[in-house]
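Here subunit A shows up in two complexes: once beside subunit B, once beside subunit C.
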Partner chain A sequence: MMGWIDQNEFLIGSTLTVFLLAISIQIPLRLGVISFASIGYYAIGGYGTAILMTQYDVSTWTSVVVASVAAAVVATLLGLIISRLNGLYLAMATVSFSLLLSAIAVNGGSVTGGAVGLFGVIGDITIWHTAGIAVVIIFLVSFTERGKLSRRIDATREDSQLASAMGINVTAYRRLSFPISGLIGGLAGALAVNLKTAINPESVNFTLVVLALTIIIIGGQASWIGALAGSLFFVWLPEILVFVGEWEEVVYGTLVVFAAVLVPGGVVGVFNDWRHRRSVARERPKVALLEAAAGESDAELTQSRSGKDG
Partner chain B sequence: MVQDLLNATTLASIYVLFALGMSLVWGTIGILNFAHGSIFMFSAFIAYLVVQQIPLGMPAVIAIAMVSGALIAVAMQYLVFQPIMKKAKNPHAGELQLVIGGIGLSAIPISFAQRSTLSNPFGFSAGTFETQAYTIGGVIITNVMIIILIVGLGLGVGTALWIRNSKKGLALRALGVDPEVSAMMGIDRPKLALATMLYSGALAGLAGALLTYYFNSITSESGDTLLLKAFAIIILGGVGSIFGVILGSFILAFAEFAVLLYTNGSWVTAVSFGLLFLILLIRPQGILGKKEVRRT
Partner chain C sequence: METSEATKAPTYDYEPVAEARGVAVHYGGIKAVDGVSLGLRPGNISGILGPNGSGKTTLLGALTRMVQLTRGSVWCQGQNYSQVKSDRVITLGISRTFQTVRLLPERTVWDNIILSTDVVFKRQGDKVEGLVKEAIARTGLEGLEKARPDELSYGMQRRVEIARAIAVQPRLLFLDEPTAGMSRKERTDISALMRSLRSEGLTQLIVEHDVGMMVETCDYLYAMNFGSLIAEGTPPVVVRDAAVQEAYLGKHGRHDA
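The block that comes next holds the complex of A and B.
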């Protein structure tokens, strides 16, 4: 087991950082906000860590924390600036935010290393640290997927007007999703740059947006399990099937199209639907009995009423 | 100076051709087609494959690109966008599925083209068309530029007038405002949607062929770059406004040329994102757009 982990350390690390990035996109998405800004947060986290570590000799963990918090701060500001927008307009604004950042990375001169990027980022983060962080995030995210809070989040996404009529502060929820998404996205970038020891503008462009979105769509939008399933699938499939590695984009593109047309809820959504149907099937006889009983008492009631009348 | 203005105007005309179809589709049938850039690239690519076998002139190459673009767009509409819209519980949920479907679709032709060209640029140099340059008063203009200017501005203004004045144009605009009520008024939405996608795909193919003639070659990734620029153009002018597309194209092309003149070239890509972000902050409905009124 330990040997296997050592052998596949890079793949496991990639799975975890991609998973964190997917969570960062998923959090606003669950509130009905289509935001591509997570790529920008990822870039801030990654570049921030790389700049602090290679140019200012800051210790690994301080760099990671500072860069992630910086991403969260930028995310908060972005959330305030674009709070007027919604739907596709917001999606566009966040795409342009992310791509502006990658243009800055290209033109940043010696600070960002231009088109070549920064390399030689060697810190002391092991696979266990990354796994630990992922578990903590899963633990925190799972709180938002149960009970009252989960229902409020679902209501905000499905019908924001109805949700605010029910007394849910939709704006506050949506605004709050930005710093959280920013922190997790920044963390994903910071951990990824430590894993890969390098970062360049190519690695934070539109392709990454597409990959992260694809992961969520294949896995499922509603739960962290979906994001994890998607990340596992996307990082490991090209390793296991060489054919998939060769035709990676075609396979992914086709899968995404199929998912969008046929199973909007993703793999996890299909599983949940199946579980829901099964429980309905199990409950149906009981419901039928109850209904029959209710029907009888109704009949008695009308009889006794008509008896009184007559 | 005059030369720069002329070059910028030619670029703007290409932008008009590319963004026109996208804006039309988004503003009327409500599909933000992320695969528009790959239709553009792949129809030029198909024309390139044909030209490699048979040396053809410009009209034939353009016709091949336009027909390919139209067919690809119709196939996408029929196989992907229409089923998604039919299934969507509410317009908002459908919106995201459409974006995702488009992103997935765009990956397929791009990677096919990348694999068969090994990511090298491709062009119509095997065809019979020859670029000719004329010098008028110190300004160089090529025959390709003349064609682009006439076709781009002509189709842009023509489409805008058609949408504004014809009965079908009225039907399309009505679809953009309220699909349900317009369906009650007897507008056949699926049929019009298919026709709009066909037109938009043909325009993308036309833009692909003309841009390839203009720059001599394009790459598999050219479509993605233009797609992001088209977002900026459409939002600048206002979604659904065809004159807005023309205006947005000119603003973007001239801004890019200005940046190119006064800085080094690497900031040019940032112009469109910067403009897009700015206009969304200041006037989200665009320069010529009307504020959306929603009653629920």
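The block that comes next holds the complex of A and C.
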């Protein structure tokens, strides 16, 4: 077991940092905010850590914390600036934000290392540290997936107007998602740069957005389990697909398309549906009986509903 | 907020539960609601009647702060709440249902109903479950707590919405076309439920275009057309009003609308 972990340390580390990035995108997404800014946070976390460690000799952990907090601060400001935007306009603004940061990375001269980037980021973060951080994040995120908080989050995403009418402060929830997303995104970048020992503009470009989004779509949007399942799948898939050789990307793309079409709720959605069906199966006869007692006739319903549009 | 002639406090011979004072909602050149004043009678079921596009739902939106007022003000218990955010309206004791079914599809009936109750009663957590159970009993949803909305008939889904709205123990309940798309039996049941809520002192305002149901259920009617009130009074008076017949029922006085 330990031997296997040592052999696959890089892949395991990648899985965990990609997972954190996916969580960073998932948190606003669960509130109905389609934000691509996480790549920007990831860049701030990654570059910030690399600059502090290689140019200012700051210790590993201090660099990681400072860079992640910086990402959270920037995220908060971004959230305030774009809080008047919605849906696709907001998504566009966050794409611009991420592209802006990758432009800064390219043109940052000796600070960011330009197109070559920064390398030699050798700290003392082990795979166990990264795993520990991931577990803490999972623990915290799982609180938002239970009880009243999860109901409010669902309502904010599914129907923000309804949520407001129910007394939920939609703006506050959405605004709060920015610093949280920023902190986790920054952390993902900071840990990734320690794992890879280098960072360059290529590693924080739009490809990363696409990867993180696909992970959430395939894994499921509603839960950290989805993000983890998706991360495992996408980090290890290229390894598994090595045997198909040059067709790898085609197979990869096809799988993604099929998954998006066939399981829109992701792997976790399929599991939840199954679990709900199983729990309701026992109640089913009772439901049917109650419905019948309520005197609902489908034919009558269809008739009275037709030609009616409010 | 502009103060014009229309926004001055009108006098009623009763204490209105909620009031619209010269409310106007304009979208560009379209005057969806244009200077409506009304004061809801406590303990009554009031109704707003009017053809599609007459501004009924927009007025309801104005009274629940979901649409911005162009002019005028809205009042509740003597408080001007025209600047209150829409998510605070429920804490004023104003609850509502919607024209279309708006339930969380992935959530059970129980979760859908408790959604607003535990926001409103967040400091009295122990009360919440009891209130939800009571609302479920009142709307005849017992045994369906674990079902998801898509497993229920349309009529049952609407009941879940009513349960959600009454579980917060509102002072005032707005119902936007509560019986639209329901079978006759369902309509009668819902109408009976509204009357039973009234007997407990809950003031209600229904927006509907089903005249029969409105006459049967309401104590007081307002008729709207082109964003303005064209008549108000007891149901028999309003239904017989010439302007209402013209605008709403059509010149030939069709009664099957």
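We take it that the second predicted complex is superposed on the first by the 275 of 310 C-alpha atoms of A that agree within 3 Å, B and C clash if a C-alpha of one lies under 4 Å from a C-alpha of the other, contacts with A are read in each partner's own complex, and residues count from 1 in each chain.
The criterion applied here is as follows: a contact is a pair of C-beta atoms (placed from the backbone, for glycine too) under 8 Å apart; a residue touches a chain by one contact, two chains touch by 3 or more.
Keep in mind that what you see is a predicted model, and the values were worked out from it rather than measured.
Legend: residue contacts after superposition of the two complexes on their common chain; A:Glu239 is shown touching neither subunit B nor subunit C. Contacts of A:Asn169 after superposition on the shared chain: subunit C is touched, whereas subunit B is not.
Of the two partner chains placed by superposition, only subunit C is touched by A:Lys148; subunit B is not.
In the superposed model, A:Gln161 lies in contact with both subunit B and subunit C. In the superposition on chain A, subunit A positions 159, 161 are in contact with subunit B in one complex as well as with subunit C in the other. Contact residues of subunit B toward subunit A in the complex are 32, 79-80, 83-84, 87, 90, 92-93, 95-101, 103-108, 110-112, 114, 224, 228, 231-232, 235, 266-267, 269-270, 272-274, 276-277, 280-281, 284, 296. On the subunit A side of its complex with subunit B, the touching residues are 29, 32, 34, 81-82, 84-85, 87-89, 91-93, 95-97, 99-100, 103-104, 106-107, 159, 161, 206, 210, 213-214, 217, 247-250, 252-257, 259-261, 264. Per the touch definition, subunit C reaches subunit A in the complex via residues 52, 57, 64, 66, 85-91, 96, 98-100, 102, 104-107, 111, 114-116, 118-120, 140, 142-144, 146-148, 151-156, 164, 168, 177, 180-186, 189. The part of subunit A that touches subunit C in the complex is made up of residues 148, 151-152, 154-155, 158-159, 161-170, 222, 272, 276, 279-280, 283, 286-287, 290-291, 294-298, 300-301, 304-305, 308, 310.
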